[in-house]
Structure formats: C-alpha cells, structure tokens
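Both complexes below contain chain A, partnered by chain B and then by chain C.
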Partner chain A sequence: MNNLRNSVKQFLGKIMKNIKTFFWNLRRAVNNRKKKISDFLDRKNLNFAGKFPGWAKALIYLAPALIVLSIFTFWPIINSLRLVTFENYNIVNNDITGYTVFGNFIKVLNDESFLFEASHTQGTAIMNTLIIVFISVPISIFLALFISVALNSIKFLKNFFQTVYFLPYVTNTIAIGLVIAYMFKADGGLVNQLFGLGKFPWVESGAEHWRSMFVLIFYSIWGSLAFKIMVFLTSIQGIDKQYYQAAAIDATPRRRIFSKITVPLISPMIFYILVTSVIGAFKIYNQIVALFGVTGKPDGVDYTMQSIVMYIYKYIDGGNNLSVAAAGSLILFAIILVLTLVQMQVSKKRVHY
Partner chain B sequence: MFNKTLFDKSNKLEKITFIFDVLAIIAYVTLFIMLFNTLQLPPIDPLTGEIVMSDIETYPLNLVYRFMSFDLTYYQLNLLISITVIFMLVAIPMLAINIKKLRTRTVYDVNSYVAGSKFVNAIINLISFNFVGSILRVINMFVLVEFVKGYKPKEFFKSIIPAIKTKIKKMKEKNVEIDEDIDDQAVITLKKHIKHQNTASAFRLMSTYLFLVIMALIIVVPFYWMVITALKNYTSASSTNPEFFIGLSRMNWINFKVVLEEMNFGLYLKNTIIVAIFSTLGTVITTILSAYAFARIEFKGRELLFSILIMTMMIPGELYIVTNFITVSRHGLGWIGTENNQYFLAMIIPFVTSISYIFFLRQNFKQIPESLYKAARVDGCSDFKYLVRVMVPIASPTIFTITILNVFSSWNAYIWPRIITGIGGEEAKAYWLISNALRDTTFMLETGQVMHNLQIAASTLVTVPLLIIFFAFRKYIMNGIGRSGTKG
Partner chain C sequence: MELRLENLTKIFTNKNGQDTKAVDDLSITIESGTLVGLLGPSGCGKSTTLFMIAGLLKPTSGKIFFGEDDVTKLAPEKRGIGLVFQNYALYPHMTVYKNIMFPLENMDVPRDEAIERVKAMANLVGIGDMLDRKPAQLSGGQQQRVAIARALVKKPRVLLLDEPLSNLDARLRLQMREEIKRIQRETGITTIFVTHDQEEAMSISDKMVVLNYGLEQQYTAPQIMYNEPSNLFVAKFLGNPPINTIDVEIKNNYLMINEQKFMKLNVKDGSYVMGMRPEHFRVAKEEDEKIKIEVSEIFHIGRDTMIHFNVNGQNVRALVDSDSVGDNDKNIYLTLKRNRVYIFEKETGKVIDHE
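Showing the complex of A and B:
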C-alpha cells in the first residue's frame, strides 16, 4: 500500500516538475527574444521606450484623474465666471436675454431673505449662516478641547469613550437630523418630556426663530464634535510628556496646565480646525434640510432658516436662473477666501510655542 | 516552563469552537430572515395600488402566523424576532473579538483571566442556545486552568474554597497594617496630607468621568431614541407621553418591512450600493495612479500642477454643482433630462476622483524611501509593476481608509443626487439614493399626519450599515482621520 502511494507520488512529482520546467523554459525563451529585439532596436536607435520623457509617463498616470477633474472641477471654475455675466440664463432652452457685469451679484444682494429681511419673514441667509459660524464653531471647539483633555487624562474606558464620541462622524446627516427633529417635537418629543416643558414648539408651527436656531446649533455641534475631538486627541497625545512632568513637580493646577501647556502646544492644530470648521459652517446645508425641510422653512412659521448654500440651491433646483446661483456661489467663495487669508495671517502671528 | 502542548490544545479547541459559533450565527440569520418573511403586510388597496397606511397598526395584530408548524400571535412573533436579533448582536462581535484574540495570543498572554473569560463566553453561548460551543468552551477553560495553575479539573474545584479564604485573610491583614503604626505628630500630618490629596484626586477623577459620561449620553441618546422609535407603532410613536423603554414583544419589526417593501427603500438601498461601489472603485484607482505620479515620477511643472490642485480644494462645492448640472443635462453630455436616462453615470462619474484623497495618499507615498524605488529600477522593475507590487502594499492601510471614507461619503451624498433626480419627474424616483429618499418620501397617513415611526425606521435602516462598517473597521477609520486631519 505504502509502496503504491510512494510510486504515485513520485510519478505526480515528475509530471509537475516537467510542467514547471516547460514553463520556465518558455519564459526564458520569451525573455531572450525580448532582449534580442530591444538590442536590435537599441542598435538601430529606435528604442523609444527607453527615452520616454517624464511628463509623458506622468500623463499616462494622471490622465484618468485629470480628465474627470478638468470636466467637473476646472471647467466649472471657468464656466461660473462666464455664467455670472449672463442675464436670465435658462437651462431648459439654453438661452439668455443679454449680458451684464454685476447684474447677478446685485440681484443676489438685493434679493429678499439673502441680505435683507423680507417684510413677511424673519431671518436672512447671511444672518443665519453668521449665527451658526459665530456660535456653533467656538462652542464646539471649546467642548472638543475639554473632552479631549479629559479623555487624555483617563485610562479606564478611554477607548470606549473615544469610540462613542466618534459615532456622529459616521452617521447620515439627514437620518439623524430627522431623529433630532423628532426629539424636539412639541407634542410628545423627548426633550420636552425630559425637561418638563409641556408642549413647547421648537421646530414646528408656533416656534420662534431663536428656538429653531437653538436646535440647529445643537445639531451642528453634535455632528461636528467627533472630528475635532479625534484631531485634538491625536495632537495632545503627541505632546512631549516632559512638560507635564515638570508641571507636576511644581504642583501646577490643572487649569494652568491646560492654558499654559496644552493649548499653546496644540495651537497650530486649533487654528487648522478653526479654519476648516468656519469654512464648513459657512457651507451648512444638510443639517438645515434634515431639520426644517427642503425650503428651510418649517410649516406655519414666519421665519426662514435658509443659509447661503440653501439660497444657491434654491436657484439650481428650479433650473430657471443659474446665473444667480453662480453669483451666489462666487460670493460664498469670496467670503471663504477672505476668511482663510485673514486666519492664515493671524495664525502666522499668533500661533507660537 | 510553559506546557506548550496544553497551549496548542487550547488553541485547537478554540478553532473548533469557532466552527460552531459560525454555524450558530448562520442559524440565527436564517431564523431571522424566515421569521421576518412570516410578517404580513396589510392587503393592497385596489384603488390606489398601495396599502392603506392606517392598516399597518391594526391589521397584523389579529392574524395567526404559521411558522414551522407553530401557530404564533403577533406578539410572540415579534418576541422571537427580537430574541434572534439580540443573539446576532451578541454572537457576531463575540466571534470577531475571539478570532482577533486568538490570532494575537502568545504563551505569555495567557493568565487566569483568559480562563475566566472563556467561562463567561460559555455562559453566553449557553443562553444563546449554542450548546456545543458552550461545552467546548468549558473544556477549553479547564485546559487553560491546567496550563496556568497546573490544576487538573478535580483539583481545581477543590482549590476554589481555600483560595477565597486566603484572599479574605490577606485583605484583613492589610487593613490591620494600616491602622497599627500611628507613632508621632509628623507621621499623622503626613498621612492627613496624603489623605487630602487622595480625596482631591479622586474627586477630580470623578468629575472628569461625570463630564465624559454626560457628553457621551448626549451623543448616544439620539441613536437610542432612533432605534426605540423605529420599533414603536404609530400610536405610541405619536403619543404625548413617549415610552423610554420598550418590551421585546412590543417591538414592531413590521415597520422595517413596510419601509423596505412598500416605501421602496430596498430599491434605494440597492441604488446607493451600486453608486458607492463604482465611485469608490474609480476613486481608488485614479487616486493611486495620480498620487504615484505626484510622488515619484519627475516631470516639469509637477509642483505647479499639484499646488493648483490643492488650491481648488478651497473652492466651495456649490460652485461646481451649478456648472456640473448644466454639463450632465441636455445641453452638455446629455446624461439626464433626455430620453436615455443615465442617472447612475451622472451620479458616479463626477465623483470618481478626489483631490483631498490624492493629497492624503501622496503624503503617504512620499514617506516610502526613494532607495526602494531605485533598487527596484536597477532590478529591471517597471514603474507600474513597482507601484502595484511595492507601493500599494506598503500604503494599503491608507488606501483602505480612503476606501471606507469614500464609501461613507457616497452613502451620505444628498444634494447632487437630489438635484439630478429633481428634474426627472416620476420616473427619476427609481434612481433616488437613500438620503434624498429619506427626505423626500412622504411618510403620511391618509389624514395627513406624519408616521414618525416609519420615518425613523427608514433612518435606522440608513444608519445601521454605517455603524456596522464603523465597528468592523474602527481602528482604520479613527487612526486615518486622527493622522490625516482630512475630512471627506
């Protein structure tokens, strides 16, 4: 029995070996042929592959990305500058009534509920956006700082808390927004129930502007904490332990450690987060849609919660006057550009170790 | 010193246990699917072709459900489904954690706590009807006890009571020691100081934890409320006094069935998965290729091109959307608004590349030493081969992070799909992605009230896959974001 098995094994082994040698020989032959061809080409000075210039090679690698980017990123930048000069651009029949230079910008700025309040509604796009920027961004940065310092000071359950705080990052803004709106419902909502507020309307008919704004700010902070905590925690963990040991020897109180060691040392990261979250707050849109609907105006209230981006999308949605949308987005771009430049200047002077 | 054979035996036992764990999980899943299919929707109204929404609450209550030759009431059926879901929720993470532990465990990691955790696992298996797994785990525990302490099972049972006694004795001795040596004034004051400091630090720790717990509650409560509401029926979801807890038999799993089948969320989920897969595939390929070009290939104007790309990151996406809308519509590429509706193309192609990911991956590629590239070139490795064989494997964690983040962002895409499908009218509804379906579906009763329980059930359906992916790949996602500081 054993003998038979051995002989079968040997036989199979031989076959396998033969097949392997065959393929190796084949490969060697092909390579030889290749080498001969390339030698021949070299001799005749015909080998272009060896002289392939860098940019051509790079172009092959970059082509897929560059084609898509040029259609959907670079062309829009040029085209939006072209679009704002059109008067009443209509997407359906692709025609315009004339050309203007500043007409569309003036139209945006004069539009009711963008910069100036309309007679029948409270709240403008600029005002709402600025409230979000100047209230929710500082609060969320401070909260994130405190949480990440607290997280850094504990050992037990640290990973658990870190995971929990990260949860909002991986959720769908619309889905959780619907839940938050349901939690703030006047009749039988969780918040009114917990705090015994009765039938206090937050986001429905009968609510006031500041109440809806409170819910929006709460939701935007809730959603943006995760990313900030993660970045702050990583940079705090990167601080040299010696600073803290020196502070511990001097029995420095925790408040002073926080303000004199932790914050200055991670100030570059804080400024980075400040820039990105201010820009993000200027682009707030999904949260408003989730809480207040596509129009940004809950049923039966006399105010609007629309932001700058929502104003822009209002014009894209109808497809009737895309020039105004382009003008609005250029204004948004200008605001973001100015803010970024200012913050870069400030951070150059103020961020220090 | 270590008994290697016992350790190997324990590992082998653990591997056999996994087979039964997997079998149990398969059983739970099939049971869940079968039970879920047993749920019956109300009959379709012949006039509208849809079910009457107000029937959802009353109709299933009075039915008798037949499942494997048992007659079940609605509440019993719901109880069974809830139990299978809980079993799945316990068994799948347990299996994942155990496999991970087994892979990383060495002889030095094994102590009595590992044996104890085996016992706890065995009890959990016993409760979730995985009897074979439970028995195997108990045997494994005894093997580990023998490995750690050298006790055979009999000796182990005998040793339990003396061990507890000695432990109590030790604790008593410690207490006595502290009380004994009060000598002079200096020692007393020193002790007072230490005590004071200890209470202060304990208080500080307590307040830290309190702060963290409160913030964590604020984060978690919306999720909890979402799951609870999704399982309520319409009456209790819209009642003035909402319930904070909900019994296992009162969970209305039919809500998910209504959302998936009647509200077409099954179709929307499918659409979203298609878009997510293709746009992610495209993003990964284009990102790897162009990051490689920017990191390794030298050509004129490389830095200039790259800085132009970086600068475009500052421009708000709304600016692009205005023109992109024209580009994909009738007067541009004609993907939408014409007879041949190529909604998927219009949703995928603009997002098959991302500058921020190119930037992120290029940083990672640059960290790979240049000498590796030169060595490969000397050995006759072509550029493309080097990229595929060397660069991609080294940077695979980053690429994986990019993949997951891109899947997330296309799962959550809202505005672009909505604008595209917004002009198409009724037939464009078949191309909705979940986010705009969530916002634009009317979860209305015939009387005009919003059915919050169904709306929130749909939200849960959208959120749960994200959470599953997050918990499965937590390390990659959190590390990637902490390091890069990029937000998709």
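Showing the complex of A and C:
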C-alpha cells in the first residue's frame, strides 16, 4: 500500500517537474523573442512605445475600462440629464413637444403612490424605501456586529457557523424571496404554524401594510447579513490580541470592551458598510419583486409595496415615459447624495483610521 | 507586596502531542518593593512566567502567591496587576489622557480623584503636557511612558513589564531604563520585568533570575551573579565581552595551563572547564601566581588593551590596562585572582568551590 502511494507520488512529482520545466523554458523563449523584437525595432528606429508621452500610454491602458464605463455608466447619466428636460417625449418617433426644467420633476412628485398616497392605496414609493433604509440597515449592522463578535469568540464549530452565516450571500435573492414568501404563507406557512397563528395573512390578500413591511424588512436584513458578517469578522480577527489582554488586565467588562475597543478599532469598516448598505437599500428592487411581484401590489390588498427603483422601472418598462423615469432617478440620486454627505460629515468625528 | 512562585510549571502541548516544558518547577520569592529581572535567551520561558503571573496563561501545576493570597486560579482582572506589553498595546483611537484613564473607568473611583490620579501619574512619568495627543503622535519612548502610566494608575500590587525596552533605540534605551528604575523607586511597587539583554537587566534590577529551558539557573543580585556564577550557563550568559571558557586538566591539585603549573586548587584531579572573564586578567607582578603567554594579537581600545592568546589550543581574550603592556611585547605574564578563576564540572556545568 505504502509502496503504491510512493510510486504514485513519484509519478506525479515527475509530471509536475516536467510541467514546471516546460513553463520555465516557455518564459525564457518569450523573453528572448521580446528582446529580439525590441532590438529589431530599435535598430530600425521603429520603437514607438518609447516615444509615446506618459499620458498617452496611460490612456491606452485605461481605454478598455473607459469604453465600457462610458457606454454603461457615463452616457446613461448624461442621457438622464438630457431626457429630464424633454416634454412629452415619444420614444417611437423621437418627438417632443418642447423643453422644460421642472416639469418632469413635478410630474413625478404629483404622481400616484410616489410621494403622496393614492386614494384606496396605502403606502408610497418614497415612504416604503425610507422605512426599509432606516429600519433594516441599522438593525442588520447591529446584528452583524453582534454575530461576528460572537463568532469570533467561539472555538467549537466556528467554521461551521461561519459557513452557515455566509450561505445567503451565495444564494440567489429571488430564490430566497420565494422561500421566505412560502414561509409566511397564510395557509400552512412555517411561521404561522410555528407560532400557532392559524391562517394569519402576511403578504397575501387580507394582509395589512405593516405586515408585508415586516416580512420585507426581515428578508432584507437576513439577506444582507452575510456580507456584513464576513467583513466585520475579518476586521475583528485583524485586531491585535494585546488590546484585549490589556483590557482584561484592567478588568474591563465585556460590554465596554465591545463599545470602547472592538467597535472603534473596526469603525472604518463599519462606516464603509454603513455607506454602501444605505445606498444599496435605497436601490432595493429584487427583494420586493420576489415577495410581491413586479407591480409591488399583491392581489386583493389595498396597499402598495413598490420602492423608488420599482417606480422608475415602471416608466422605463415599455418606454412609456422615459423623462419621468429620468426625473425619478435624479431624485433618488439627490437623496442618496445628501445622505452620504451627511454620513461623511458625521463620520469625521466617529471613525478612527 | 511579596510575590511567591511555588513549583510553577507550564507545559505546552503541540498538535502532534509533543510536550514542551516552557517553565520547569520554578520556585522563587520576590521581596516587596524590589525590581526583579527575568533574564534568559529567547525561548527560555521568561515571558511565559510573566504571563502566568499576570494570569493570561494558566500554569500546568504550581502556585502563585501575592502576599498571603493564592492567586493561581484568579482571573487576570482580579489580581490587581499592571502589565506593560512589549508593543505597549496603547489603544490607538484614544488620546493619551483616555488611555491612562481607561483602567480607572472600570474601577469604583470618584471622577475628581480619577482625573487627579491620571494627571499625577502623567507627571510622574514625564508626559504631563502630551495628554491630548494620540499614541501615533508620540515617539517610542513617550509611548512607553504612557504604557507605564496606564499600568500604574490603578495602583496595582505588582507591575509587570514584558521586554520594556526592546522597541527603543540604543540611546532611548539607556534613558528609559533609568526612568523605569526611578519610577519604580518613587512608587515603591514590586516590579518584575522580562528581558533578554543582560546589560539592561544588570543595570536596573535589584535581583535577577536567569532562566534556561524553563529551569531557574540562579536567583540573586546582579553583581553577585556576575562574580559568582552558579554554573557555566550563567557565566557564559552574563558579561560583554563574554567569558573565556577552555578545557583544562587538574593534575596533583595544580591547574595546568599550557603545560605550566598555574595555581594550586583544592579540586580533585581530572578534566574541567575553566572560565575566566577578560577584564579579570592583570599583568602579573613578581610574587603572583602567573602564566606566561604568547600574544597572538593585540588591540588597543582606548583605556584598555585586548590581548588574544592561546591556552591549551583555544583562543582566549584578556582585557588589561593599556599602560601595562607595550606594543612589541610578545611574551607576557598574566595573572588572575583566585576567586576569579571559575572551575566548572564538565558534564553538569556546575561551578566547583576550589577554596
């Protein structure tokens, strides 16, 4: 048995050696060829690479990324600024009736279920989005912090739990949403059975706005925990153990170790997570579609769950009024910009780099 | 407060189940108010001992007493110790003031008194005007002072320093070791510090413990240890330039050097290891017990002159007064005081009393 293993090992070793030798020789040959080419170019005075100024070289290297970014990011931004000035834009024959500055914004703000509630329909896009941002983001950050501190302090089954908490990150959002929707089903859903609630409707006809919101927040918190835990855990593991030893000798209670040492030392990471997840939460879309369908309004309920992005998408879909969609996205942009600036200001005092 | 270690042992077991005795049956008593240095080469168990006293490591067996209290099973925070880490472990996000205040915030101290104590301690260690700075804005020596202040501000029963000077440059090191000695004297706190630098340990300790492979080699005052080493390891570990050790024979009670009778010693005949400190050599006068040596190399280094010569085929260095040798002297008579000749057993390395 041992003999067999040794001979297999030897055989593999030989193969590996041959492969490595092959690559070694390949590199030598390539280097040789390169040198010959550059010598040749130098001789013929054709070496343009050396004659390019620095900025031109930089531009060539940046070109692939710049081209992709211009098509898919910069142009849409400029285009939305262009579209928002059109009045009654017709996408089919590219006709407009005139130009306007605020017209499309006013249209958006006066629209049903954006800022103001429509009759017979509870909930607005702005309100729904804000609720999700201001409830799910803080809760998920706190939860992620506690879970990562707990994960860091256990030894037994540590890797198992890390994997469990990381699973949502690699799972499809829509798939999770469908499972969650099934869990909260009125008839035979896991939650109703577990808590003995009978046929309590959460997201179906007969449900109320707050119940659907609860399910949505639950879902978005759970879905976003994985990444946060991963980031927090790695940064906590990077903290020098001596700080904790010093704190232990000074008889520091656990609560104070957490608030005075762990949190300040990983504050740059917390801030990063805060900013990115606030932005992410403002752009919520998938989760709502998974739970409540593309309209954001389950059958037979008198409220809407649509978010700002869903509202925007409603106008892009079928191209029925791109100017309104552009105005909506600029409003979303403005809200995110203001909030991020506020966060930056607040963080100057609270984040220790 | 007196600190007593009784048969302290720490065994680390690695993944393959191999045991390493980091500290082996260590029993020492540290008197109240003294500054004791734990000295030894790296891996000798000195930091392990310190961390066991601090409570960060649990001893495998043995006991630790602070005064009459058995603290072996106490958690670190209940022992009342101040610990200064090798890299100081100052909290980088807090100012100096908050760093020193931190231990007091966990104690039952009135606010006014706490502020008073922080300021007094900062002045004692000489950083009174830097309380608003962050650790990153301080030099190594200043960070060291903050770390000491933080350890002392809660009035611990014992102060522990883990390699306190190893992160400082040579000049600061000299300054800080005097500072540590001064602070220790002014506060009168029982202090233990760990170092691998024998000069540092000798210059500030009241007493030193030399450890090797977890075993206590000798525990006494530095000068006594230097002049009366208990074994070959201690003799070799202390002193710069290091002690000369050569294999010698004793025949008919005479120590034989280069086939000459050097000194009559009260030791059984046989093979031994002899130790001679370079600076203990003198150029011999007529009446001394002396050996004739042939100079192989000679270096003048200011006040002293270093002579290299061969004894029994092994190179030996002697540090003598510059005035006593001339440049062209080839053959010199050297001597040593009787009590500066160290004879060690070959197998065990134990020193043999030859008087």
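Throughout what follows, the second predicted complex is superposed on the first by the 302 of 353 C-alpha atoms of A that agree within 3 Å, B and C clash if a C-alpha of one lies under 4 Å from a C-alpha of the other, contacts with A are read in each partner's own complex, and residues count from 1 in each chain.
We take it that a residue touches a chain if its C-beta (ideal position, glycine included) is under 8 Å from a C-beta of that chain, and two chains touch if they have at least 3 such contacts.
All values derive from a computational prediction rather than experimental measurement.
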* Asked: For the overlay on chain A, clash or fit between chain B and chain C?
  -> fit
* Asked: Touch check for A:214: first (chain B), second (chain C), both, or neither?
  -> neither
* State whether A:261 touches chain B only (first), chain C only (second), both chains, or neither. => second
* If you stack the two complexes on chain A, which partner ends up touching A:253: first (chain B), second (chain C), both, or neither? -> second
* Contacts of A:105 with chain B and chain C, given as first, second, both or neither -> neither
* To do: Considering only touches as defined above, state whether A:326 meets chain B (first), chain C (second), both or neither.
  => first
* Structure fact -> Comparing chain B and chain C in the superposed model, the one touching more of chain A is B
* Asked: Should A:227 be classified as contacting the first partner (chain B), the second (chain C), both, or neither?
  -> first
* Asked: Thinking of the overlay built on chain A, is A:271 touched by chain B (first), by chain C (second), by both, or by neither?
  -> neither
* Asked: Is A:200 touching the first partner chain B, the second partner chain C, both, or neither of them?
  -> neither
* Asked: Across all Cα pairs of chain B and chain C, what is the smallest distance in the superposition, given in whole Å?
  -> 6
* Asked: Considering each complex separately, which residues of chain A are in contact with chain B in the first and with chain C in the second?
  -> none
* What part of chain A is in contact with chain B in the complex they form? -> 53-55, 57-58, 61-62, 64-66, 68-69, 71-77, 79-80, 83, 91, 94, 143, 146-147, 150-151, 153-154, 161-176, 178-180, 182-183, 185, 187-190, 193, 222, 225, 227, 230-231, 233-234, 254, 269, 272, 276, 279-280, 282-283, 285-286, 289-290, 293-294, 309, 312-313, 316-317, 319, 322, 325-326, 328-330, 332-333, 336-337, 340
* Show which residues of chain A lie in contact with chain C when the two form their complex. => 240, 242-243, 245-253, 256, 260-261, 264-265, 267, 352
* List of chain C residues in touch with chain A within their complex -> 54-56, 75-78, 81-83, 85, 87, 89, 91-94, 102-103, 105-107, 150, 154
* Structure fact -> chain B residues touching chain A in their complex are 204-205, 208-209, 211-212, 215-216, 218-223, 225-226, 229, 238-242, 285-287, 289-290, 292-293, 297-302, 309, 312, 314-327, 329-331, 349-350, 352-353, 355, 358, 383, 408, 411-412, 414-415, 419, 422-423, 434-436, 438-440, 452, 455-456, 458-460, 462-463, 466-467, 469-470, 474, 477-478, 481-483, 485, 487
